[in-house]
Amino acid sequence: MSLVELHAIHKSFGELEVLKGIDLSIDEGQVIALIGKSGSGKSTLLRTINGLEVIDDGVIIVDGKKISDRDADLLGLRLQVGMVFQQFNLFPHYTALENVMLSPQVVKKQSKAEAKQIAEEMLAKVGLADKMMHYPDQLSGGQQQRVAIARALAMKPKVLLCDEVTSALDPELVNEVLAVVRQLAEEGMTLVMVTHEMRFAREVCDKLVFMHQGRIHETGDPEEVFSNPKTPELSSFVGGLA
Amino acid sequence: MAYKFDFGAIVPHWQLLFDGGILTTELTVIGAVVGVGLGIMGAWARASRAPVISQIVGVYVELIRNTPFLVQLFFIFFGLPALGVKLTEFQAAVLAMIVNLGAYSTEIIRAGIQAIPQGQIEAAQSLAMNRVQIFRCVVILPALKKIWPALSSQIVIVMLGSSVCSQIAAEELTFGANYIQALNFRAFEVYFVVTGLYLVMSILLRMGLKVLGNFLFERRRHV
Amino acid sequence: MSEFSLWDIVYNLLLAARWTVLLSLTAFVLGGLVGLLLLMVRTAGNPWVIRLVRGYVELFQGTPLLMQLFIVFFGLPLIGLDVSPWVAATLGLTLFTSAFLTEIWRGCVESIGKGQWEASASLGMNFTQQMRYIVLPQALRIAIPPTVGFSVQVVKGTAVASIIGFVELTKAGTMITNATYEPFTVYGCVAVMYFLICYPLSLFARHLEGKFRHVAR
């Protein structure tokens, strides 16, 4: 059984139907990239997996449990599924360390010492042990994003969702973040990422999912998908990247 | 025939002004602390997912903001006894100030809360925080910091408004002034001096609130 | 049991409410004129004038309205003027209003970019012409919502005038309460009447705020 299963997912924003029947399964340890043009629905799909977007129709099953939109269910879901955002969304009034410690303390009710230890571990893991006491506005974009990754990891999620995590970064800062993501992939973390970094996706991902206008058009091994696009939409998407 | 000013006639009664000033300060401090607390609860209620709660608070806010403080005070002191609630002058004055500031604070703090970027909320949600935890850890302090100047202004306004509490014989500064001028018939001099006292108090209050703001919202750790 | 009916109470309050409206309008209009004058004078740029106007504003914003009314009421007779509560209330509330309005409008004028001043100056306009044809018309649009919003404060301020003996809605409420011994009902009605005057103004101000947000500046 897969870690995450999406069946017949439908989602509309008012009149506009954004997800038109998505089926997807994600196994433990898989690294999946959602690619496609703007408006294809990839970010929306990602956000349904941790409940930030509520689906209109369909079934989401995470770790064997069916997800509803009840509050209690969603809180449980988010303990399993973490997320890193394009705009980092670090809490500006807390230091890096406090940002990472916050949820373990407040949600998982861990002691301050425990939470601090986990936080220090995670920040060291992303290479920011020396910036623990800095506030977000004292850090570069790449550093902030790495803190955001550490913050999500501190909750020990089973799945990590990455929503265009390098899109808001200056080019020279992108690599430090991709290096961390690569490391996580190599360590066996289940990752679902929406990304425009095609080269990175080809190198690191097990499965590429190409979305177009709210549907999954093609999925498969990254090399296959890029070299042999089966649909004209993917062809033109890949062609546009060259 | 020229009027001879006699500011000296106030001096023997300085104690009354001093005591009045103390009471004004007490009214203001209690009114501000409880009023802002009420405002935080009101702002939280306005964001409630039960529309009834939000609407009730909305009605409260509009009622207070569209009626004069003096009338609210009279209603509380003279009107509530009809419902069996009898308050002393001080209690009625404090209650009126709390209720008044509570309504204005609710709106001011609500604006601060709405200015918190949605991304912050989503990040906290993705970390499995519930609504109360998100409010407590991510929303309320940054929101208060943002609206602190507006809230401070409102507190000063309420302090100045306390002068009408003299009308229900609460023995604050204006009451003291009324009393003295009835004794020495130097109404202009007395009110002139007391106006100056209020001016000093409002300047001190504004400065004090600024310092308090810096203390509350200051970064604890320096790198 | 009271020998006054609810209608008796409401009717007499309504009669008094006319004075509330009259005082509000008078103070608002006169206060607006004085405020405008102060605005023009302040914008002209003389540093001493700026300090004076700033002091004027801080004085009225940093002291209770009641004190301001008392000073006018007890002060004017000292220079030989016989004042009725109406005159004292009008004068006091006018000065109060002028200080707040000039401050609101100052913010609006200051939000008009320097470029407008420079462009109009380079077209040969003098200060009065700049204000009249370029700056004030633009500042006016921005100023309307907060000005309408402040009118609510003026109406509420008239209640304080009751304390120096001016018979408006609040004073009538006190007088009727003394006659009927029904403070809950009477002050309840008084509150409702103020609400009926102020709430539409508040809604209007909010509506204007929304409208003008989309105006290019």
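By letter and in written order, the chains are A, B and C; residue numbering begins at 1 in each of them.
Please note the rule applied: a residue touches a chain if its C-beta (ideal position, glycine included) is under 8 Å from a C-beta of that chain, and two chains touch if they have at least 3 such contacts.
This one's a predicted model, so the numbers in the text were calculated from it and none came from an experiment.
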Check your understanding: Farthest chain from chain B, comparing Cα centres?
Key -> A
Revision key, fill the gap. Judged by C-alpha centres, the chain sitting nearest the middle of the protein is B
Exercise for review: Determine the centre-to-centre distance between chain A and chain B, using the mean Cα coordinates as centres, and give it in whole Å.
Suggested key: 46
Point to revise | Chain centre separation (chain B, chain C; CA means) in Å | key: 21
Point to revise | Length of the line joining the C-alpha centres of chain A and chain C, rounded to whole Å | key: 56
Check your understanding: Touching two or more other chains, which residues of chain B qualify?
Key -> none
Exercise for review: Note which residues of chain C are touching chain B in the complex, please.
Suggested key: 59, 62-68, 70-71, 74-75, 78-79, 152, 156-160, 162-163, 170, 173-174, 177, 182-184, 187-188, 190-191, 194-195, 198-199, 202
Review point. Touching chain C in the complex: which residues of chain B?
Key: 3, 62-63, 65-72, 74-75, 78-83, 156, 160-164, 166-167, 174, 177, 181, 187-188, 191-192, 194-195, 198-199, 202-203
Check your understanding: Tell me, which parts of chain A touch chain B in their complex?
Key -> 50-52, 71, 75-76, 78-79, 81-83, 85, 87, 89-93, 95, 102-103, 106-107, 133-135, 138, 148, 151-152, 155
Practice item. Sort out for me which residues of chain B touch chain A in the complex. Key: 117, 119-120, 122-130, 133, 137-138, 141-142, 145, 217, 219, 221, 223
